[in-house]
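The data blocks that follow each hold one structure.
Next, two complexes with chain A in common: one pairs it with chain B, the other with chain C.
And now, the complex of A and B:
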């Protein structure tokens, strides 16, 4: 049975986000709550999450954030650690299904009602304004929490001893490169896993061209292939082989350049 | 009871041809004696057909103990002692086993007519004369395949004692009649100051020639020898090749095949050389049976051999061509009809096929003329993938049949323009060039060697299986126009069965499938002010063709009168849009130009004149990428 999450109505999302202008995270923390009159649930399809569960989720995320060095500005390593921990928790413990997770308004509720202050810690104001995508769910690959859930979902490998181990293997910027190709690459979790695995193998090999450049170039090559290859049905081992070959191609051309 | 005896032909005062000369008429065929025997004898049988189907059988066997004594008693007395190749008839009859190959046809006319060559015979009454007595007599049968009348030499060549028995039944004035005679071509010699030609007959010697045993006597003796007989009112001929030469053509050391192996070889030779005559749906068919020591050997056919099935499919396609599609430009003349089908995984393995040049996936054009006997399998370039091939069929137009026949050597296994002159030589040269061009287009671009990865293909096969629901078909996909060489400027025929273009060209990626496969963009979009009637229309799917030896992608476009259009080509990615960031060192599709009515114009812009035209937009393709082709109106 899946858990249904409240969906914040779009007009309320807009209102709450504009209300955030100029407010500090600590001010936002005071406004945070576990319910909204302007949130609805899907009519059928699962059990509605309770307020207590939502409160527990908010507390957990906040705890993880504090453990990660917030509200001070933590370093990259700590920030990554926070991201991974939240991703793991969202994916493992909330009972959220891909169907729910694909609802922008669910993430708007989490980002604007439940833990706006944590999102503000993670993506602070720039020039006095917050970035809407990080809060409203208008782009799930950029929303503070949605992107983490997606990342965990895509990299989840049920066959591995630690199903989330791949998340720890690759840095934020590299993963962003991959996840941003959401239609051509991230839509096939097996491909993402293969890309990450191949990248990890390559990162250890210490050659001339930085592994990150190889990653980016090989992604371009994979994009060409996914235009006519449907990788969803290819065994994961073969996808990995395919990715390795693209990386070899990329490295060949990049080393020359 | 008349007993048959041997008769040796003395030289006549005005000379005569020696047995050696007769044996050599076939020249020294490149094919093995058994294959030549199958080809020549089947041709004789087919030429002698009556109104219905012809049954043609090859029985390789050993004289049974029951009949053995009769062979010795009847054939040994007075048997010629000279030999053609070291072994004599008496040697054979005294040996442990007397082996023979009986080549029979039924549903044929049999060998009737006069039994001596110095009396007049009507054209349809010359079967005995031309087969048993004379040499080099032209076939007088309509649509006959033979041209030299030398085919019977194959029987003697196949016999290690150069001796055959001929047993025939025919209808003469409404009455069934039989004849039996033995015939040998040995060596010319002089005995007791009398020079002999080396030709011998076994029958009833008459004044200076030899009559056959006839009717009751013939049937009686044939039965005593155990020869294949005739049922009821059947007519036809059985030629018994004594001591057939079973040398294995596949090895050099002249080792012999066993009877079973030889039976297999004969069945394969019959299948691969005679298949067009056996096809279902013909008005009259040849039914082939091969037995080795009485055991039926399966003859390859379209029912049981994948490669032959493909050739048969190509044959039917070629027959369905409404007009000759292989043409000579100067002088203008339709030479014949050509068609092909792609093959997937079908391989030729038989030794008899290998002798004809076929092994592995076919990449050949089976050439034939009336009456659909295989002349040769012309080898053409192979497809890049070892499992993929194509089976082509080329049939000469009826009105050129005589020309091509003249170009054949006595064994009818090639067309040689050197034997002809003038226009005729041109035709025989040009057909070959045209077929090469067709096949170059079929094979598609000479792709670089493709390394095929060792990966399981089960999932791929499953996904692609629908494409192969009928081999050579286009599956659920729209038929892809087959490529033509650019030089002739000929528009492609959409009715072609399959594509010359979209050939799999896996790159280095083990799991990758097609290479550049154009997707047609919508024509004329985004062109401000372009009136609806002015929009260019993309016609059909893009296809590959070759131009100056290079592979190019072509898209046919109908361009409205008075418009100027620009062609575009871009790689599209899995994201669904045009590629923005290019992989390092990657190639990009480029518009090379336009080709309209055979005229090539470089550049991406094409201006139509006063009339709407169809032009080919030519694009430099990119391997392992999807290319979007677009055409927009600029003015």
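And now, the complex of A and C:
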């Protein structure tokens, strides 16, 4: 049975986000809650998550943020550590289905009602203003929590001893390049896993050209290929081979340049 | 669908694909699928015939090349695709050179939201001849033909996202049946983010309609809701001088805007035969001011109210 999450009404998303202007994470913590009168559930199709379960989720996310230094400004390593831990938890323990995870208003509830202070800590305001995408779910590849669930879902490898190990293999900037900025590539989970595996292999190879430069160049090449290739049916080992070939081409090109 | 230019020859005229049909009722899928939720399974079927000899020849591939059909899907609000079927095309029929296939797919409802898009591709699996002629597909996975079908899901009302809530707690009229929550100043925003039909959980008749939608009195209530939502949204558009009657170029069905939803209501339920959208909109705007009951009656007639769920 699917677990249904509250969906924040659009007008309430706008109202709550407007009210965040200029407020610190600690101030936002005072307005956090596990319910909203302006949130609703899907009519059918599952069991509604309880307030206690939502509170437990909020407490877990907050605990992971505290481990990352909350409420002090986090460094890169702390942000990566927080992202990986929350991604695992959201994917492994919330019972959220891909369909429910595609609902923008679900993420708006989590970002604006349940843990707005943690999202504000993870993506701090600039000049007194927060970025709406990080809270409202208008772009699920950029929402503070939705993007983590999506990463965990795409990189999950049921055959591995630790199914979430691939998430730990690359940093935020590299994953962002793959998931948010090359969406045609990110749509094929097996391709994303192959890209991460090949990147890890290459990072350990001791070559002169930085692996990150090779990753970015090879992503451009793969993007061009996915315009006319359907890779979704191809075994992962063959996709990995294709990615390795593109990385070799990228390295040659970058070495010459 | 945007035209694609491939870096090799294709021959789409040699692929003949029927529309996707609903396995449940044997009819072609239209703009929306009724009765979807996370617990359901969407079962679709289509037949597809490939003139293999002609297609291979025109694409520059050898007779030994192997082809396959792949079907993948994704929900409108997410970019994550799933493959649901992969078929290797067998040896074509000797005299005609054609390969006929029936594609049966089952998509778990829990994977979906808002809009379902199903893409079918005919791909090269391998060409063992090692053919290196220019402008000939070589890579495994090269798409030789594709098509895409989108259908709206969401909620028991088919077209619309609905949610049961306590009107008492929401501060809405306590004994009402439903409330259409919409930000109509945002016509170009995604309908699935701006529109929600709230059903009053405190109202026993509504609660019964949610839990037992197939009961006769529940069906009448839900039919009335459908008519009311169509009239409510179209009425708002007719009163708004800034409503974009003409769809902007490149508007996507995979994520319909509020305006696109209203336009589809007008075309599906309120326009006259052979009447264009703009003409229908202007006529309905006059009618809404002069005689709004007539527009409601027209909606009832098109939606076969009451009794559409039993027919």
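Operating definition for what follows: the second predicted complex is superposed on the first by the 254 of 257 C-alpha atoms of A that agree within 3 Å, B and C clash if a C-alpha of one lies under 4 Å from a C-alpha of the other, contacts with A are read in each partner's own complex, and residues count from 1 in each chain.
Just so we're on the same page, a residue touches a chain if its C-beta (ideal position, glycine included) is under 8 Å from a C-beta of that chain, and two chains touch if they have at least 3 such contacts.
Remember, it's a predicted structure, so these values are computed and weren't measured experimentally.
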Check whether A:233 is in contact with chain B, with chain C, with both or with neither, and answer first, second, both or neither. both
Answer with first, second, both or neither: which of chain B and chain C does A:105 touch in the superposed model? second
A:186 in the overlay: touching chain B, chain C, both, or neither? Say first, second, both or neither. second
Which partner reaches more residues of chain A (counting touched residues only), chain B or chain C: C
Which holds for A:11: it touches chain B only (first), chain C only (second), both, or neither? second
Interface residues of chain A shared by chain B and chain C, listed 183, 225, 227-230, 233-234, 238
Touching residues on chain A, where the partner in the complex is chain C: 1-2, 4, 7, 9-11, 37-38, 40-46, 97-105, 138, 140-141, 150, 153-154, 183, 186-189, 225, 227-234, 238
Give every residue of chain C touching chain A within the complex, in rising order. 4, 6-8, 37-40, 68, 70, 72, 74-83, 86, 109-114, 121, 123, 139-143, 146, 155-156, 161-165, 169-171, 181, 183, 192-194, 196, 198-199, 210
Contact footprint of chain A on chain B as seen in their complex: 453, 455-456, 459, 463, 508-514, 517, 571-576, 579, 581-586, 624-626
Contacting residues of chain A [partner chain B, same complex]: 181, 183-185, 217-218, 220-230, 233-235, 238-239, 241-242, 245-246, 248-250, 252-254, 256-257
